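Presented below is the structure to which this report refers.
Chain lettering (A, B, C and D) follows the sequence in which the chains are written, and residue indices restart at 1 in each chain.
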Amino acid sequence: MTEFLSFLMNGVVLGLIFAVVALGFTLILGVMQVINFTHGILFALGAYFAFSMQKHVGFWLALILAPLLVGVVGWLLERLVIHRTYGGNPLFGLLLTFGLAMALEEVIRMVWGKAGYSVAAPRFAAGSLDLGFMIYSKYRLLLAALAILIILLVWLFLEKTPYGAIIKAGASDAEMVMALGKNLPRMRTFVFAIGSVLAGVAGVIAAPIWSVRPTIGTAILMPAFVIVVLGGIGSFWGSVLAGLIVGVSTSVSVMFWAQISDIIPYVIMTAVLLFRPRGLMGEKSVLEV
Amino acid sequence: MAILMTEGLTKNFGGLRAVDSLTLGIEEGKLTSVIGPNGAGKTTLFNLITGMIRPDAGRALFHGEDITHLPIHQIVRRGISRSFQILNLFNELTLFENVWLGVQAQQGHGRELLSPADALGSVEAETHRIIKEFGLAGKEEVPVKLLSYGDRRILEITISLTAKPSLLLLDEPTSGLVSEDRKRISEFLKKLSTRLTLLVVEHAMDVVLSISDHIVVMHQGRLLAQGTSEEIRANPRVQEAYLGGQYRLA
Amino acid sequence: MEKKGSTRISRRTFVKGAAAGVALLGSGAPPVIRRALAADPIYIGVVSPASGNYADHGMMERLGMQMAAEEFKDKGVLGRPVKLVVEDDETDPQVAARKARRLVEVEKIKYLIGGVSSSVAVSVGEVAQRYGALYIASNQNSDTLTAQYARRCVFMVPPDMAMALRTQAPYLLEKVGKRWYFFTHDYEWGWSGTKWARIILQKAGGTDLGESKIPLNTRDFSAFLLKARAAKPDALVITVGGVDLAALMEQMHEFGTYKETTLVMTLINLEDLWAVGPGKMEGIYWMEWYHEIEAPGVKEFVARYKKRWPGAPIPVPTANTLNGYIGVRELLRAVDRAGKDDVTAVIKALEGHTVRDSLKHDPIFIREWDHKFVWASYVVRSKKPDQMKDRADFAEVVRWAPGKDTVRTREENPVNLGPYPGQ
Amino acid sequence: MGRGNAWRKRLANPMWAVFLMFALFPYIPYIGRYISLGTEVVIWSLFALGFNILLGYTGLPSFGHGAFFGIGAYAAGIYFLRVSKGLWGPLFMSALIAGIAAALIGFLVAKKRGIYFALITIAVSQVFYFIAFRWDDLTGGETGLSGIDRMDLGIPGLLRIDLSPPLTYYYFVLAIFILCTLLIWRIVHSPFGRVLQAMRENELRASYLGYHTAAYKWAAFVVSGLFSGLAGGLYTLLINSAFAFVLDWTQSGNVVMMTLLGGGTVNFFGPVLGAAIFIVSRDLLSAYWESWMLLYGLIFVVVILFIPSGILGLIGGRKQTVLR
């Protein structure tokens, strides 16, 4: 039982990171209708920026600055190229970001080298902690707390601020936003930057446990896809729930049949799609028409 | 005899009740018009009948058969066809190709993978016949997006007819037309109504009053009144509630 | 995907290293031109990762290959100059096969070398066999290349996992304990590591506490670590490689696993240790070779390496470097012995040959019936950061075993290499 | 619609030029020596043509099509190694098994379109990638399958052709490519093909004409999967092995890019041109420059931003008339 608890808890922590990544992804997907392949690279950039900064400014400042820097990168990408694909064939946005991701991964190789680096956890969170019923990594507990905080902040932002209301409206009806007299292009850029920041911050907090390497971005992208499809496109709680499902199922399946642990999320997703074609919490979306 | 019956048809969008327990019978062979202010639920009613959206409650019967949960193409094959208020055509294709696709669907060749499409003589002949019948001859090779708006309106109705429906739903067939074209369409509808049952949503009152056998008035998703042109014209509730003084029924 | 990890490369050394790589990339000029320049050189096609997850290992082996080729710069082979033509396999067997085909089909190259991962080695071996070229698998450790994938045209330089465990496991039984738990990377190479360890453990009457099969590309090992911890083993016997290894080491440090059990790596490369850095990995490893061993010629070899590659990402040669060096050197010597530039003749010159200057404690014997290079390997114990005399000094050698005592016998591995090319 | 000049039209079809060019490829100086690259171009052309039934003709942005190529590759390999050593058996199985997989996935995606279609095809195709990596007993896992020989092509008692030399295999693949191209040409110009194009233009209208659009999409998916699978089978015989890497989602991205780059959305032969340019340039770039991926990614960006209708779209300058 204790063993099961620890696997469960581990899955929850993993799921929380996945959820943060997927939230940014689904936000961009919902508002811009772009499948953003650069999301994984933005995640990787967050990790690399944090790695380079931590030596100089420490963990906490890097935790703030690195995601902001990633947000700037996202903002630039959106302003320079990605915005040109809006409203066109959905394939264009997808291929454009696919190409960008390829190029940016190479840029990461050129700047930071082909090999990986290990990133140190902050000293106060290094090592493990005896929780009584189990011994657990201190850093992972910190990470879980940070992820929950971020998810709550995003939720508050979407629910409690006027900007959030517009974003939600924008996800379903661009014309409505126009009618509200808001500047749609600026809002889109803003949302893209927010999504990038979320990818970046997930990268920063995940770096100490996964270490950084150029391919880390591609590796996180597929879980994000699964989570968004599983949870339902554009659904906030759908993403969080699906993130937790993916995390927990991956972790717990290790107990029983480790080889299939990374297939499990896909199996769940396929099963859910058979019965709920729009995912767990997805509603009929403008994206389908 | 009613060709189409709706029983307590209801559809909500969020908090809004677009169609509210609507019970209605459409007489076979007649031209029935549905009128009502914007947001009365007319287009939603069409979408419900033709399977584009599913009702929250109630059902629709066609020739006594429940068609509420049939997919669109099944409903079309049973004999209900429709046109759209916002033109819904294959814009990149030519006029000929638009009609051709409809005729082919009706003749059921779509499953043929290996025969050349150009060799379907019966489809081609029927396509030419229909184009001529509806006065569009000579424009076969023009891409639809380059046709005049009036022609496109006609085409919108024409390709709805290729399915050989027994009931045709027309959503604002004169929308956006100048009065000359509008007349052309009214003539056209009158001619049509001798052949099949028509259900028409229309804003242009002159058209409605001149062509309709029967008029249904909707208001906020509900049935407000129905009857002949004269009855509707005389109905004070319609005058007051629906028109709100803005329009006068001429 | 053998034993790869990642290497910390500073920007400066990386650039220099890259420059070295460019010097090696000879395929830039069309072969027609190249052939016009030199009097019919002997070409060796190098299929080695310059990108992908194993780029650092690929670079280290190419540095060794270059050193070997340069030994023949003055005298040449059969009076002809030697040229290496380098292709990047991207650590993808499909790409590797394409590049190999290009080398033999278009450039008409007869000799291939390289292959850091087993799938690449298998696919390049397949191409070589079909085109009648000779392939030297320089750096893959899977047992299968000299078993089910054994081919007449393929030779394997490094020791395999059977040799690894037969060298290391007795030491563990003696010094650490008999209760083992296994981490197995879930593919050929991982299975063979755990398989050989289990055979030896069983014979010694030890306790097998279980195994976690770890899927490739696992990013998060916490669940596996929790499971292993619950078993309370004396030794956690790990056969995990690739990019996953660095993450695993990181997380074992995070969970403090090394405090509770002895960590055992059935195979580790200096590149992996270099990537994780000092102090992160305590335990007992098997290594093919270590630059501090007291074998004849090693000191000179290390000195030559440092002189030739002052800006290299890792300041000392690794086992990958040695294998690359030995592979090219022995290939060229065999061409020389054969007296002609002919694949069958060179294969025959390699078969049954003994190499005295192996840079290990025993000579290399190249077995004629499975094409395996039989030579020693080493068990090492990690050094604590304060014991290290420089940043590359990770380990001290605690035991070594000659290749002939650990390699599979013909009874254990009956293979048939088939006919010689063209016969 | 006149049929008087039908023959002249048929002869003027660029198809023959394409076939002729491929037939002469081995005799082009220098590059012609690289026959297996040529074979690869032909195979990927077939893959891209099959894929384009979905993308170009039906307007469905499948982003998981590498799965069918990969399934075909494994089906051929497994059939050869486990069931029966032959030439036609593995190729037949590659198309069949990929078709069955497409039929199954088709159920999940037939009602979707646009970005949602892309998203689900990506995610679902990953299942096959993991299966290939994990189900070692069947697929050989990471090491893959090898030792898949090309058996002789023969008509009993008449002739035998040894397909193991690269050149004979090239012509064998080319012959299959020509047959499949004719077949695909036929399909996209059939009544069925026209329905696909109608759905691309306006799916709602197509269903209001009485077409069962989900069924047509499903059928298009299956047909496309069959050809993709066959291409995968031919690829397995080319490299005499099968690896899980063929199922990686970047492969799916590549085939989309080839199709788009050449101009698959405006011209039947766009995918062929795209495949040729894509494969040859990748081979050259990666031989000359370590960081070729950077350039490659940027090519994607440039194509999408500046020539979204592909090279043939750029030259042709017009949108394809969809019928005829």
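Just a few scattered comments:
Note that contacts are C-beta pairs under 8 Å (C-beta built on N, C-alpha and C of every residue); 3 or more make two chains touch, one makes a residue touch a chain.
In this text the structure is predicted, and so the values were computed from the model without any measurement.
Chain D has its Cα centroid nearest to the centroid of all protein Cα atoms in the structure.
With centres set at the average Cα position, the gap from chain A to chain B is 47 Å.
The mean-CA centres of chain B and chain D are about 42 angstrom from one another, to the nearest whole unit. The distance from the centre of chain A to the centre of chain D, with each centre set as the mean of the Cα atoms, comes to 33 Å.
With each centre defined as the average position of its C-alpha atoms, the distance from chain C to chain D rounds to 37 Å. Across the assembly, chain C contributes residues 51, 186, 215 that each touch 2 or more other chains. Residue numbers of chain A whose C-beta contacts span two or more other chains: 109, 259, 262. The set of chain D residues touching two or more other chains comprises 134, 293.
Here the chains touching each other pair up as A-C, A-D, B-D, C-D. Against chain C, in their complex, chain D makes its touches with residues 30, 33-37, 40, 133-134, 136, 141-144, 146-147, 164, 166, 239-241, 243, 245-246, 283, 286-288, 290, 293.
Interface residues of chain C facing chain A in the complex, by the touch rule stated above, are 5-11, 14, 51, 53, 55-56, 186, 212-215, 217-220, 222-224, 226-227, 229-230, 243, 246-247, 250-251, 254-256, 275-277, 280, 313. Chain contact summary for the complex, chain A toward chain D: residues 29, 33-35, 81, 84-85, 88-92, 94-96, 98-107, 109-110, 222, 225-226, 228-229, 233, 259-260, 262-263, 266-267, 269-270, 273-274, 277, 285, 287-289. Contacts from chain B toward chain D in the complex involve residues 50, 52, 71-74, 76-77, 81-82, 88-94, 97, 100-102, 104-106, 109-118, 120, 123-124, 159-160, 162-163.
By the touch criterion stated above, chain C contacts chain D in their complex at residues 1, 18, 21, 25, 27-28, 30, 32, 50-51, 87-88, 90, 92-95, 97-98, 101-102, 105-106, 118-119, 122-123, 126-127, 130, 142, 144, 149, 186-188, 215-216.
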